Structures are given as C-alpha cells and as structure tokens.
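Here chain A shows up in two complexes: once beside chain B, once beside chain C.
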Partner chain A sequence: MRNCNFKAILLIMVLMTVLISIPGLAQDKYGGTLVFGRGGDSVNLDPINATDGESFKVTLQVYDTLVQHKPGTTEVIPALARKWDVSDDGKTWTFYLREDAYFHDGNPVNAEAVKWNFDRWRLEDNPYHKGGSFAYYPYIFQGFPGVIKEVNVVDDYTVKFILNEPQAPFLRNLAIVAFGIASPEAVEKWGEDYFKHPVGSGPFKFVEWRKDDRIILEANEDYWNGRPYLDKVILRSIPDSSARYMELQAGAIDMMNQVNPENVKSIQDNEELKLLIRPSMNVAYLAMNFAFEPFDNVKIRRAFSHAINKQELIDAFYVDLAEPAKLPLPPSVWAYNDKIKDYEYNPEKAKELLAEAGYPDGFEFDLYYMPVPRPYMPKPKLIAQTLQYYLSQVGIKANLVTYDWSTYLDKLSNKEAETFIIGWIGDNGDPDNFLFPLLDKTNSENNYKSEELHKVLVAAQTELNTEKRKELYYKAQEIIHEDAPFVPLVHSTDPLALKNKVMNYIPNPTITETFHKVWLQNK
Partner chain B sequence: MKDNRKNKKDISNPWLEAWDRLKKNKLGRMGLILVGILITTAILAPIIAPYSFKEQNILKRYQPPSRQHLLGTDELGRDILSRIIYGARISLQIGLISISISLLVGVTLGLIAGYYGGIWDMVIMRFMDIMLAFPAILLAIAIVAILGPQLQNAMIAISIVNVPRFARLIRSSTLSVKNSDYINAARGIGSNDLRIILYHVLPNSMAPLVVQTTLSIATAILEAAALSFLGLGAQPPTPEWGAMLSDARSSLQMAPWVAAFPGLAIMFGVLGFNLLGDGLRDALDPKMINI
Partner chain C sequence: MLNYTLKRIIALLPIIIGVTIAIFLLVHLVPGDPAKTMLGERATPESIKAVRESMGLNDPLYVQFSRYVNKLIHGDLGRSVISNEPVINEIKVRFPATFELALFGMLFAVIVGIPVGIIAATHHNSWFDNISMMGALFGVSMPIFWLGLMFIWIFAVILKILPPSSRLSVGIALHPITNIYLLDSIIQGSWAAFWDSLKHLILPATVMGTIPLAIIARMTRSSMLEVLKKDYIRTAYAKGLTERVVVYKHALRNALIPIITVVGLQFGLLLGGAVLTETIFSWPGLGKYLLTGIYARDFPVVQGVVLFFAIVFVIVNLIVDLSYSLIDPQINYN
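Moving on, here comes the complex of A and B:
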C-alpha cells in the first residue's frame, strides 16, 4: 500500500511539473472575476480612517504600505520601500523607495508623497487632516504627532524618519494596512469625501462602491509587482452567514469568510468546495465602560468574569474552532503570559462579589452587540443573548442594543457604549499591537485609564531588547488581569470556504491578504 | 312581573341579538374560539408554560420536538412551546394597547373633523390622507427608525399608522347623522356639542367601530411581528413571535421547526381576530337581521 501511494504521488508530481511547464497553461492564470462574500460592508476606504477588517479588506487591495507581510505570516518584507537602514540608537530610519511605483491616477509614489501622507496623519493642523478620526495613528504611534518627530525627504526616492525615542515594533508597524500610502492629488481633490474615492498604488483599482451591497475593484495593469491574475474582484456583503453559505453553494459567490462553524463539516464533505483555516491571532471580548457606574468598581468587573462560561460558549457556537481567552493577547503572540490563571466560571462567586460591591440585587445596563458576524465572533447576537442569560443568572439585567456596523463603531470610539462586545485582530504579530490600541489610557474605548499600565506599555515600546520587552509585557498582562477592564472571551479561528477553482489564496493571521496572486482555474 | 319580562324580551337588546347571530355564524364562532384560546394562553402563561421563556441551555440547541420539549428548542436551547405561550402575551398586549391608542386618537380626530367640518375637517382629513398615502409598514419602519428599536416604540408606530382608518370611519358616520332630526332635536333642547357627540353621534358609530377595532388588532399583531422580524420591535430575549421567526431564519435548512411554530402562532392569532371581525360585521349589520 505504501509503495502504491508513493508511486501515485510521484506520478502526480511528474504530471504537475509537465503541466506547469506548458507555457499556454501558465498564461491561463490571467483573467476572470472573483466574487468574495463577506459578512459586512466596508465603513471607510481611507485606510487611516478605518479601524475595521471589512474596510481594510478593500483598502489593502488598493493601497501599498512601505513594507508588507510575507503571505501567511507576520514576517516583514519590502513593498514600496525596497530596503531600509536604521541608526544604532533606533531613532533614525531611512527608507529607499522603489522607483517604478505609480498611483492609479498616474502620479509617482516618491519620497514627497510618503512625507505628505505621514504629515497628513500625524499633524492635527495639517489642512488635509480631516474626514475621520485618524484613529490608527495614535493606536500605534502614541497620539498626534506621537513618536514620529520628523519625516524628511532626502532625495526623490529616499525618505528619512526621525523618532523622539526608539519604537521596537516600528518597522512592523509600518506594515499595518492602515498606513497605506494615498495619492496626495486625490486626497486634495476629494477632501472629506476621499474615503469614497480611494486612490492608491496597489494591485487593484477602485471602481465602484454600492453601499451595503458590493465593492468592485479592477486589476491595476501597471502594478509594480506585476499585474494581478484576476481582472476584477467583487466584494459582496451578505451579513447572514447561512445565506452567504447558500450563495456559495449556488455559485453566486466564489469564496466566503466567517463560515458558520456548523457548516464546516458539510464544506469538507462537499467535493466542489474547499476549506481554509486562517491562523488565529485575535481576541473577542466584552468591555465595560469605566465612565458608567458601577463599572468603575473592579469587583463588578471581576464578577462579570466569573459569571461567564467561556467553554460552553465555544462548545455551542464555535464548535472546535476557538479556545477560551484569559488575556487580551492571543497565545500565538510571543509575549503571552501563560502563568496568569483566568477568573474561573463561578456564578456563586460572582454573586458574592456583587454583594460586596453593594449590588446584592444586581442592576440593569446596556450591552451593545455587533450587527455583523466577525472573524472572532461568528454569531454576535446569539452570543450576546447568551451573555445576557449568564448575567441574569447572577441577578444582573442586560438590555441588548445594536446599531448598523459603522454607527456601532462610532458609538464605541465615542466611548458611548456602557458595555460592548467587540474584538481585535492583530495587525503585525507584536504584543504592542494588542495592548496599546486596546488598553492604553490614550486609546481605551471603555475609559480604562491606568497610569501604571501606560508607563509599562510605553517602556516596552521604547525597549529594543526582546527579553526585556517580554518581561514588561508579562507585567502589563498582570496589571490588566488584576484590573479586569474587560472579559476576554475567546481566541477564534476563522474558516474560509472556497470553490475549488479559486487557487493560491493564502490566509494571513492578520486577515490582510491581497488578491494579487490569486487565480481562477477553468474560468 | 311576568308581563314585564315578556316585554323586555320583545324589545330586545341589539347587542344581545348580535351575540346570538355571532354564535350562529360558523366562521365567527371559530374566530371567537381562537381569540379565546389566545387570551386564555396569555393570561395563564406562567401556569401552563413548561419552562421559563428565557431559560436557555446552549448545549441543547436545535433539539427536534420531543416529549421534554413538545415543540423542540431554538438556537439558544430555549423551549419553543414556552416562548410561544409567553409570546401570546406580547402579541395580545401589542394588539390591545396600540389599537386602544389609535382608537382614542382616531375617534377624537374623526369626530372633530366630521362634526365641526370646515377648516377642521380640511386640516385633519388632509393630514390623514397624507398618512394613508404611505404604506403602513414603511411608515411604521420610519417612525421606529426615529424613535429607536424597542417594543414600546414599535407599539407607538403601529398606533400612529392605524389612526387614519379610525378617523375616516368615524368622520363618515358622523357626517351621515350630523343633520338628522334627532341631533337637531337634541340641539333644540339645549344639549351642548360634547353631549351631542358623546351621547348621540358616537353610539351611532359603535357597530362599525367594533368591527374595525377587531380587524385592526389582527393587523397590529402582524405589523408588530413584521417590525420585530426586521429587528425593529421586540429586543431579545422578549419572546415576540416575529422576532422568533427572524432568529430562526438562519437555521431554516437545519431546524425548520424553530421557524415553523412561531409562524403558525402568528397565523392563528391573526386568523382568529380576522374571523372574529368578519363575524362581528355580519352580526352587527342590521340589514342582515332577516337572513
């Protein structure tokens, strides 16, 4: 038997080599339209003003960043910058740009354009610093203008960054899709409406956005890294996951993400479909806003942690595709502090804590839940109802509230939500990318303002020694665990379902994969 | 004594007569029974429901009907039968409360428009025409969108969209009696407008009003279910039938019973009120007496 298998494999390999080497077949990779079904529409196509994965899924096709991730990993490889230098003190970074990159409107991507973009993002008095909150910049670079002191044009294709202090994940941060370089001319032309008319230098050009229906992109013939195989990409939003799956079976879409965990088995059994599992690097959590009483009381927050049965949530809604979260950092990130023990599921203890906090009879509050499925949470409404039930078991009454996706994100960033479920998907695999945007006092959407944590997080950013950084992040996670500003729920795995004809789609842990090298068989 | 009683029967109360006729009408009787069941279920919900409507066991999701759960369990492992029983309360509440409000507002406006006429009639009825120009459900959606998605707001929206029907009905019957002799007589003996309206005009419109109210309750239940289906009405865990139907939609292939039972409940609830309304129409129509 073994022998037989080996022969078969050998035969296939030989056949494949022959097939690949026939030039006509390689040519066939070009052409076709890919229809991608997803759970929600984009919110903002100006990447610096977007914070959600559905917006980034589009902007990363349209824009390039200075550096990017190698497909399937968080390893940094060149993109618009072909190489770079860093000074010994870690404060001066020089990037040498490639000279063959052009924006979709024909302007060259040069040092001037890079400086223009960074100045727009980081300087609040810049005339083009409008059209949104530029949230990702302070998430990553500590406020405006943050750690980046100066951006200087050295020559046409060399740009120099001078930092106030070293930032350990600086290079990785530049690969974050939010820092896509936009065409200055287009931003100047459209002003506040720019987010509907994105112009970058990426593999696909933006064509049309029909709100809540679809976004259409077409191949950028002159892409510096080679024209994409696909002619066109259509991203359709179909919020209901089972409806999306039905469309896939019916052939109306070619691939989908956020597959219902229950459907995984039927996809594996279906000969026309294949299943891809995205490496997990995310967290779903329930946050409690410190600005609302009684959530400023740590006992109440811990009571919440004790009241929720995470394992049961996973068994019911994620099948096997998740693990319970005890910290905001997922275990796949290198500074994960496994020594911390989670608040165990114990309703009695939750009741005791509530009584100690002065609420023996519970209280009533609003719980916001997402209107669309997310990679870290396939069924927000059912999970919200289950959380509501768990909390009712310890005497707390949650009123469920929801809004459309962009309003929901606005309410969260305006810190209006009393408690809310949301999640975070890592952008670059660095622990800073989870802890600083979510929990630092400058960014926290639930008004968690810990000076102690802020000091540790900033120290960890400036520290260049990885071992020392790890210690600092261990410490940070202890503080977070003690303060319990939110209940980490799960780290999930997002399954994708594809028609067999969709080739070379490599899911990335950061969910930021382009369609650049994707091609269709038997179009 | 004996003579007296005999006399009373001869004169006969029109409402009792209508009741007799309703009982003889087959469909009307069926409507009465369905509405009766609905009301009884609503009142006795905590006693007859086997479980609490919010008790959930997420490890027992989508159980088919069994002895333990007569109608199976839903997407959160809650007993569907219990939720439907409690849902009867919600639907009945929506029907009664929202229609009472529209009745009150609609009748008042209709009486003013019909009795005083002139500019009042013009203003009120043109406004009602504008409201009627919108499809009821769209108007309700718009109102809920402004007020925020909540069961109370859905009830307000439903009462608003039902106002014009009552106003029109009352206005036309007011117009038909406004100049009749008995009204003039009442005015002659010095009755004021309020008295004439309450004691002479309104009772004259009672029969069509009762019919319209009954039919409107059916519409209201349906509209509330539609709003909840769209996520604009009852919020979880309220066991509203429309909301249950909407939540069950995603599992239609896998667990059809989760959607089927709330759907049937809506159907029978609405059917009951509609049949009762039709029966009342026949029973209260004086021209039908000899049939």
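Moving on, here comes the complex of A and C:
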C-alpha cells in the first residue's frame, strides 16, 4: 500500500514536471539575431563563382539547390526538386520542381529559371557567363559544357537533363553548394556586380555586406519550407582565432568555428558554452613522389606507413578532435572499406622493410609542409617536425621545406616535391570526389600511375547501381592500400563553440548546414 | 611654396610609373599562380586552365601589361581576379577605415609621446627619464599581436568595459557615407553610433600607437637634449625667462624638425595598413586586404593597392616637408 502511494506521488510529480515544462517546450522559437564569428570574409556571393568555404557559408543560406543533404549526413534529399527519375541508361534525368518556391525578388523558381542557370554555367558563350571563372562547373562536370549535353524545359515545373555519358554521382553533385539556383532577373540586372547582390530562394535574404567586417541576412518570411526561426543572422569575420574566442567569451558573438585545439578544454569547462563536433569529410596525408628514388619502391612507402604513430599525432595536435586515417576516404563516406587493416605503428618493421629495399642505413630526402593551417591540419609545421622525428627513429633523414601557400600549391601541382603533406576536403560525400582527384593517374600529384586503379575508378564513375559501385570502391581502396602511394594521417573534425542558448545547430560533414531550423533560447 | 608643391606633385609621375612597372614585374615573376591558389587542393589541370583563361593569365606578359596600363590611364585599377570586385571600390571602403585607425593611433602616440619625451629631456637622468625610456624600449620591442590579445582579454573579457574588436556593435545602425565612422555618425547625428565607434577605436588605436609612441618619445627626448645644450637656451635663461617659456617656446620649436619627420614617416607607415593590428581587431583595413591579395596572388589587387600606398606615402612626405617651413622660418621653399 505504501509502495503504491509512493508510486502515485511519483507519477503526480512527473506529470507536474511535464506540465510545468510544457510552456518551455512550446515557447516561441521565433525571433532573435544570431551572430556567427568566423575566420574570414566571403569572397564572392555568386555561388558558381565562389570556391572558398566562407563564401559558401553565406550562399547556402541565400540559395537553394535542386537537391540537398539531409542535416548531419551526406544523404541526398529533395530541395527545389521534389522528386526525380533517371532513365535506364543513366543519361536522362528528369526533375519535378516544387511549385511554391519563389526567389527573394518575387519571381517563381520554375523550370525556365533552372535551365537559365545551368545554361549560364555550362555555356562559355552565354551572355551571362561572366563575373568569375565558374570554377566549380568544369571541376565537377568535366569542362564546359562537360557531361551535361542539354537542359530542356518540359513544362513549367519539369526540367530534363541529358548527359553525354552517365555520371554516377550526378545527383550528389547537384547538392553541391556551388550549384545554387539564382534569380535570372537579378543576374541580368547586376551583371558583373551580381556577386555582391545575391538573390536566391533560400531561407535567408541578403541584406548587407561590409567587406571584411560583417554580412547581414534576414529571414525569408515566404520560404517554401517555412519561415526560419531566427529574424537575422550576422556573420562577422574575425581572422585571429584567439581573438574570436575572446569575442565569444565577451559575449559579442553567439557561436564560432575553427576553434583552436588548445581552447577546447576551456570551452568544455565553461558553463555558458558548448562544443559541437562536425563529422569529418577530409583527409590529411603524407605523399611520396614516385619520380624520386627510392619512393618508387613500395617497400619504402610501406616502411613510412609503419614508422608514423598517428594516434600520438592526434593526441598532441588535435586534442582528440580527429581520428587516425588508414584510407583516403573518411569513415562518413558510404563506400568506406572498414575491412582493410592499417599498417600498424611498428618502427622495427619499418627498419626491416628499409633493409629489404636496400636502404639499411636509411637515406635523406625533402619533406614539404604547408605554411598555413588548413581545416584538416591546424599545425603543419609542428606535425612536420614530429614526422621528421618518427622517420629519424628508423634511420631516415627528412629535410623540412616550405614555401608560401601559393608557391607551395604551385610546386605540388608541378610535381616538384619529393614528399609532401597536404589534404583534401570533400564536396559531396561521394567516394569519387576523394579517390579520383587524389589518386587517379590523370590527377595524382605524386606521379602515382596505377592502370588497375584507373580502370576501377572510371568504371565506378559510370556505374549507376550503388551496390556494384560500392564493390568497385572497395576494390579501389584495396589497391590503394597495397600500393601505399601515401600515408593517410588523420581525418580531422571542425569543432564549433556555441553559447548554450543556440539550439538545434546540426553540423553537416559537407559543411552545408543552414541556419533555417536554428533557434535561440532566452532571447 | 605653390611652385614647390606643384614641382613635387609633378615629380610624383616618375614615381608612379616606376612603381607600376616594378610591382607589375614583381607580382608576375614571383612563383605562385592565382588560379591554383583559388582552387587550392581542388586544382585539376583542366580547372586550372579554365580559370587561368577566365583571368586573362594565358596572354603573354607584355599583353597583360599593356592592358593594365591602358586601364590605369583611364583611372581603372581593374577587378580582383578572385572576388571580381573593382579594386578602386575596395580602396574607397577600406582606406577610410585604415585612415581613421591610423589617425587615432598617431594622435595617441603624439599626445603621449611628445610630452613624455620633453619631460624626460628636461629631467635628464631622473627616475622619470629612466622609467619612461625603459617603457619606450618595451614599446618598440613589444610583439603587437600579443599586446593586442592581452588588451582584448583585459578590457573586453575580464573588465567588459570596451568592445573586443570590429568597428561597430552589431545592434548599432549606421549608414556608411565616408566610411570614416566617427564622421558618418556626426553627419547622421547619431550619438549612439559615435560613442560606439569611438569605443571600438580605443583598443586598436592604443595598440597601433604603441610603437610610434615609443619612437616619438625617444626622438623627442634626444632632439630636446641636443637643443637644450645650445648657447641660446642658456641666454634665454640668463634673460630671466621662466623654464616653461624656454622649454616650450625656444627649445621645442627648434627640436621639432626631426620629431615631425619621424611623426610623418610613422604616419605614412600606419596608413600603409598595420596588418597585425587590423587582423587581431578584425579591422577591415587596406593593409589586410593587400596581404590577402599577396597570398592569393591577386595581381590587380596587389598592383592597385601598392600603387595607392606609394601615392599616399609621397603625399604624407610632401605635407611633412611643407610643414617644415611653418615651424622653421629659415626654411623657405620660395
């Protein structure tokens, strides 16, 4: 009986708690201004002419793409296109557009507008193919006009793409931020200056851009997917990461990205702040150039893999915000081959391999490292020095070399570097987006030219069956692991620091989250 | 004087031509490629080719140069190859920001530096002299980024009395007209904006002014010490003039020439953009823009901004030269 009473009291208490918290649950999520502190300003707000993350961070809010990534994943879900179908040969894609999407200038987003945008991007003689280099288009669709042969309007809200050849990641490619659909009227009106007067159909409208200072966006009241909770978003550029963190502590900004690894602990200890981790979509690696002896010898390359302690690098320089890489693909990519076992850290084995390769006393070589931090590597110089130490432990002498960033990239693409550290950030969550640009014989910066790999990668590019594609990529990763053309080092994550009041911010591996569903508690 | 000024302005021409040629060659001859920098790790041979084409970089150097000069003659500095923004627009927006900051940094340096230098000289070898000169030594050797971060930490994070960075709080409305925010807020009669932008100026201006302050204080001291040893100073004292009149009227005016020179040079340097201060305080100035341009190998930006800086530097020097004749009647440009 007493037990029963106790249960009843407990039940009442639980009910009361729920009742009290209902106003909290139902509290108005609408309103407020979010101030986001970031490392740099945007460069170009015409998404097709942007190439940098800071520009995309803004165009994402202003534009919609035909399809998009489901929050927090690389899964493709509808956006401007509510559904689509593809012909059996993979060459004809039909997209059925939603009929309630409007550009911020009031014009409807219809098949005509979609065709207008694609024609502007892909045809170099299009009168509006100006205002930049349209760099993403040839990069993704293999040149102008590339694989997209025709874009046809079927009816007001149906548009058909005809491809020269099937492109397996075609749908994923359309989710890339660079392919945001712009208002044709606005592009025609502003011409070369369109990049600073962006008009899309996204959740936020562009208001003002003060260069190197702030970009102001306001809620699109008529957004097809519902008005955003926030009234305004202000993206401030605060280049120094320590200063940015102090801004957060001082309360001048609500959230920030590119947190210094050394500040992570202090954020975790701060009761007013929280830390979010973006799933990794990148890889940092040490590449060995096959044109230089002895790196043409697979034993030497494997010896390198055994000589480096990846976990220690992470402990020292990434504060647990990274994981050791055994393959170029990060685990968040669907074709990641987890069956492959990494070359374990084993200096003795490295020495044996060196001896077998005819270098029992080691050798000397140049190791190029980046002069600037990159999202996948916050401290390239210290990491290079640590690699130098690991290699010295097995008798190899690395001379560290660096240049300024522009020269560095130049040297790498001219294949002048004997060995080098670099990385890659994925765009669309597709394995092709990592393996083809990094390792195919037509692209590799370290003279790795495997015919076998090339055949597999090309076959995978046109294979439309996902399971069969997966098999091909599994095979590709096995080849890469065997050949060891580079030592994958880490997959890093980008930590974000937020005030507790910022709710529902879901970092996406492809950095494509919008502020649409973000809201502020206790505005 | 008018004649002299005109001559100096005409003499600007060869300087501009020299700078134009030198900077064009420099930016094109150093290794690095804007197309590759723009594409970063993503660069593939085809995309590099396409981007270079659209940037007009596949033409021979002399074609690019003549195209550049032709535009320049028509007052067009070109568009950034990375952002497509006309360089002249960026200068119009960013130079006022740099100017406002440099002016306040310099005001701080002069208002504090000159009196400190004078007192240190008149109280030669006193405790004040020793301490202030030691302070000046600290000032010139202080790493600016460290000082900036410390100031932000103390005044914005701990004491919360000054804003950490940027030019204006997010809640304050101000429509940029001249882009000198203090002036804009006066024009628009917004005291809230005036007060807010003034508060935003204090930390970066103090940090920016630290090195010039130290240099000016040391220069004032040594220049004053030299003058105070002169015979006419002894005569002035002998006439029965008070120390105040001797120091400020007789000595200072004669000691001013080297001080003005240093002030002018320092101001010219600050106008060239103090990249570190601008970076730490997120100040959208011209120096940071130039640096970004250099890193990205954004040729039109580097060429345009360096040319602009050269002109500003020459003008500041001209003003300094002209001011000599106002201070010292013996200097006459007629």
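Quick note on the criterion: the second predicted complex is superposed on the first by the 306 of 523 C-alpha atoms of A that agree within 3 Å, B and C clash if a C-alpha of one lies under 4 Å from a C-alpha of the other, contacts with A are read in each partner's own complex, and residues count from 1 in each chain.
Definition applied: a residue touches a chain if its C-beta (ideal position, glycine included) is under 8 Å from a C-beta of that chain, and two chains touch if they have at least 3 such contacts.
This structure is a prediction, so every number in the text was calculated from the model and none was measured.
Visitor: Figure out whether A:W424 sits in contact with chain B (first) or chain C (second), or with both, or with neither.
Guide: It touches chain C, and chain B stays clear.
Visitor: In the overlay, answer first, second, both or neither for which of chain B and chain C A:Q385 touches.
Guide: First partner only.
Visitor: Thinking of the overlay built on chain A, is A:R236 touched by chain B (first), by chain C (second), by both, or by neither?
Guide: Second partner only, chain C.
Visitor: Which partner does A:G132 reach: the first (chain B), the second (chain C), both, or neither?
Guide: second
Visitor: For the overlaid complexes, name the partner, chain B or chain C, with more touching residues on chain A.
Guide: Looking at chain A, the partner in contact with more of its residues is C.
Visitor: With the two structures laid over each other on chain A, which partner does A:E312 touch: chain B (first), chain C (second), both, or neither?
Guide: First partner only.
Visitor: Contact-wise, after the overlay, does A:D213 reach chain B, chain C, both or neither (first, second, both, neither)?
Guide: After superposition on chain A, A:D213 lies in contact with chain C alone.
Visitor: Of the partners chain B and chain C, which touch A:I277 in the superposed model: first, second, both, neither?
Guide: Neither: A:I277 stays clear of chain B and chain C.
Visitor: Looking at the overlay, does A:D410 come into contact with chain B only (first), chain C only (second), both, or neither?
Guide: The second partner, chain C, only.
Visitor: Using the superposition on chain A described above, determine whether A:Q142 touches chain B (first), chain C (second), both, or neither.
Guide: Only chain C; A:Q142 stays clear of chain B.
Visitor: Can you list the residues of chain A that meet both chain B and chain C?
Guide: Shared contact residues on chain A (touching chain B in one complex, chain C in the other): 240, 242-243, 246.
Visitor: Within their complex, state which residues of chain A touch chain B.
Guide: 240-243, 246, 262, 312-313, 315-317, 381-382, 384-386, 388-389, 392, 399-402
Visitor: Tell me, which parts of chain A touch chain C in their complex?
Guide: Per the touch definition, chain A meets chain C at residues 33, 35, 41, 43-44, 49, 51, 131-135, 138-139, 142-144, 192, 195-196, 210-214, 234, 236-240, 242-243, 246-247, 249-250, 252, 374, 403-407, 409-411, 413, 422-425, 437, 442-443.
Visitor: Give the list of chain C residues in touch with chain A in this complex.
Guide: 30-48, 50-51, 54-55, 79, 82-85, 90, 93-94, 145, 148-149, 152-153, 156-157, 160, 163-167, 169-170, 176, 279-282, 284-285, 288-289, 295-297
Visitor: Within the complex, which stretch of chain B touches chain A?
Guide: 54, 56, 58-59, 61, 75-77, 231, 235-237, 247, 249-254
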